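Notes follow once the structure below has been shown.
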Amino acid sequence: MKLKATCTMTVNTAADCPIVAMLRPRSGQAQWIVSDRYELQPWVPTTEYVDSYGNLCQRLVLPAGEMRIEVEVVMEVEDQIAVQPDAPHTPVAELPDDVLLYLLQSRYCPSDKMSEKAREIVGDTPPGYAQAETIRGWINANLDYQYGVSDASTDAMDSLAHGAGVCRDFAHVGIALCRSLQIPARMVVGYLHALDPMDLHAWFEAFVGGRWYTFDATQKAPRGGRIVLAYGRDAADVAFISDYGPQPLEVSNMKVQVSEVTNTAAA
Amino acid sequence: MKLKATCTMTVNTAADCPIVAMLRPRSGQAQWIVSDRYELQPWVPTTEYVDSYGNLCQRLVLPAGEMRIEVEVVMEVEDQIAVQPDAPHTPVAELPDDVLLYLLQSRYCPSDKMSEKAREIVGDTPPGYAQAETIRGWINANLDYQYGVSDASTDAMDSLAHGAGVCRDFAHVGIALCRSLQIPARMVVGYLHALDPMDLHAWFEAFVGGRWYTFDATQKAPRGGRIVLAYGRDAADVAFISDYGPQPLEVSNMKVQVSEVTNTAAA
Amino acid sequence: MKLKATCTMTVNTAADCPIVAMLRPRSGQAQWIVSDRYELQPWVPTTEYVDSYGNLCQRLVLPAGEMRIEVEVVMEVEDQIAVQPDAPHTPVAELPDDVLLYLLQSRYCPSDKMSEKAREIVGDTPPGYAQAETIRGWINANLDYQYGVSDASTDAMDSLAHGAGVCRDFAHVGIALCRSLQIPARMVVGYLHALDPMDLHAWFEAFVGGRWYTFDATQKAPRGGRIVLAYGRDAADVAFISDYGPQPLEVSNMKVQVSEVTNTAAA
Amino acid sequence: MKLKATCTMTVNTAADCPIVAMLRPRSGQAQWIVSDRYELQPWVPTTEYVDSYGNLCQRLVLPAGEMRIEVEVVMEVEDQIAVQPDAPHTPVAELPDDVLLYLLQSRYCPSDKMSEKAREIVGDTPPGYAQAETIRGWINANLDYQYGVSDASTDAMDSLAHGAGVCRDFAHVGIALCRSLQIPARMVVGYLHALDPMDLHAWFEAFVGGRWYTFDATQKAPRGGRIVLAYGRDAADVAFISDYGPQPLEVSNMKVQVSEVTNTAAA
């Protein structure tokens, strides 16, 4: 399907504030950029680099005052995510070199502390896709989607303890539990069609059966219509804006829209 | 300045034809993508990767028949290219590791055969920017810009012998001569505002005074308004389409347009 | 100075156990491998790759039973680490792209929770090297070097709370505090000449004044004679062995030796 | 089998001469470094980086005068190279992204000029391994191994015309012919056990049946006992020393030795 996603926001800073943004998607295996727009008003010189995860990162220094950021992408994406209930666990010895990184514990996914919980959840589920799906289902059934219980310092252990969180927390729990079972897992941030209320979204991917599969613990059932903005080990790597000013950056009026583009509509 | 560049073409193949295209620019040090559009009609699944030079490359298999490719970019670029007549030669010992590659001979730039010619041209010009500029001026003065004398197998030695060529040949001669003087040099392909007749263009960059500078031997004087599509050692690395079908791909109706976008105009 | 470092150990597993080891240093800016030896007894097929931090990583599957691992390196290293008390803070806007990663919070360095503590420690120390050195000195003066208070799940917040830890904990505290002041910092593991008791060691580097500098909070005063085995965001990235068997790997009889090689001695 | 390879040489320069050397192998898929030694006499500060092909490259500035370079490696290698006569052609659409580079023409392998010759040689040989092997056999049968007919500027077209060359030329012809049939091919330099006369050696690899296979047109039949020093598109990328002094570097007394190490012998 063809999706059009728009994200607009106002950023405000009292003094020059260097930022790194991750608001431009890349075409990849399952998504193709038909068109892309990235506007800064007022315009300031900006550079872009590829980080070690392959994400496009935009660097600029916000001048004191207000800036309007508006990004839009029209993307061909998969209607349905791939689902493969019998995909086996990929033995660690057979993982591609660049996937090994996603077995390691990270800031919000202290998988080193979570193997007991993971084993309890998966029970005798066969290793591989089925385990990742069991974890996803368990989170969906047992954690409450709730604003205000978590913040930027909440990790997966905290979220388990709270029994609640938002999309980012659900993803962290899923990633940490998978890793503790030797299933590589990574954070994904992006857009999801028909998300309600609409916002930037986060989910996770697990590497089983020789490839990455999409899992979203905030949803009852698997759904397609996803646009990936960035991949990382966890939320620390994929903030849509990381700011390095003397004061924290103020972001306001953030608005996200995602709609399907029909063939007759102009992109 | 803000430029809008469009490139459209029809490609035709009698049988399935895998291609690698390099038609999507990246934001970089001196250019920022405001918006970008990449349409294939009919649509076929396409992936994109970053090659070892940092270029975005689009991979797809053209089905038998005709496809229309249309790309458009609105880009903030420099009005004027940087010019630094007294930028000194960067000693090889001080070059960044990833620049060393651009000292090596390559398919169309057999710099190993050209140091005598290079020394003759630069005479006692001081090493560095001045040498690269002397080479650029020499090519502009001594080679005829002429279609039909060169083809896809013409290298810099051939072009020197012919005394003529097109933009790609001029760039190859410049690159090869610079390299033979231990000045790293690379091929650039992209768009140039107000090029006449308008087409995709090629020029070169030389690394002196600790950074890359733009040189264009097809122009009397340095000009800005450039959009870089891809970098490489020479034309072998930066074909806008590399095709791997049983028969060569037919490209027709190719049309390139570049215009300045004024602030009041919508992007 | 020329150092010879040897590390030997016995690893024991009841079932096939895939491991990733980081026991082969690379030559770099401040160290040059004169000779290197890496023996596995019994030998099993092993591959090596470069991770996203540039470290050499060895992958193999330990067969059930016992293996002896013996690595040795003779390395030219700096007698003294570089010290530059007046190196200024490098503004985030001027950091190289690939250094930005080291500003981010990570598993053992939750810098997002530590800026208050950092500001308290540095007071009105001028930004840059002096702050990193103040942090290093503070850790050295205020944390007890003590075995048994920390384990593989202890992070920098825990270590601050305990007021004690080992080299890895000291490094984590230093890294997290630096990052919270917008100073990029990274974990280093390797060998240190004349460490007592001798063992593998960990310290940190901070990026100030446009380059990486070495800091070691376990030492009263800066000391050279260091061999770097691996860099990472924290200990999660640089385990000398990461094991992925059904049971944790048993490592025993680990012995580390570092001695100076005089010119007359054979390497 | 376990091989010990030694390469020693004297380099001589009248003035400071920056060089890039490629004399330290990496462990890889089919080779494992047991031990490695790299000595410069006199010692000068040297750094090492990984180039875009994954090779370790040593950078140093030779001071005026004479330096002795001595490298030695003990390596576990394959007794026999892999041979798979029925490995099919890997369709270009299925090649890994990072293999596509090896389809492109390069300095010494102008594959764009050689498809007619390639088709003539392979006739109706089935696409894939069999074609690469037919090319290898054809070169072995039709080119004379002969010193003095080629030099540093000789490319594959020249070698075909001469009907003669040395290992590097044979490899170039093989690579160029393979590429012109849409088979990715790359240059390999290294050591070959029992080569006579012993020297550094060059051969090529072709990517068929989903992986790289070894081909050596200088040998009647496939032989193992190989140590890879470096990979590249052709000889331009893998010079064991690239020198950038005011005068060409003098290399003398070069001696290469390769011997099998038996298990009882000390490494």
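By letter and in written order, the chains are A, B, C and D; residue numbering begins at 1 in each of them.
Keep this in mind: a contact is a pair of C-beta atoms (placed from the backbone, for glycine too) under 8 Å apart; a residue touches a chain by one contact, two chains touch by 3 or more.
Every value quoted in this text rests on a predicted model; they were computed, and no experiment measured them.
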Farthest chain from chain D, going by mean C-alpha coordinates, please.
A
Shared numbers divided by all numbers used: is that above or below half for chain C and chain D, i.e. same or different?
same
Can you work out the whole-Å distance between the CA centroids of chain A and chain D?
43
List the centre-to-centre spacing of chain A and chain B in whole Å, with centres computed as mean CA coordinates.
36
Measure off the straight-line distance from the CA centroid of chain A to the CA centroid of chain C, and report it in whole Å.
30
Going by the contact rule already set, what residues in chain B reach two or more other chains?
none
Every chain pair meeting the contact rule
A-B, A-C, B-D, C-D
Note which residues of chain C are touching chain A in the complex, please.
18, 20, 49, 51-52, 57, 59, 61, 91-93, 97-98, 100-101, 103-107, 110, 112-113, 152-153, 182, 236-237, 242, 244
Chain B residues touching chain A - in the complex, by the definition given at the top:
24, 26-29, 32-39, 43, 45-48, 50, 54, 56, 58, 76, 267
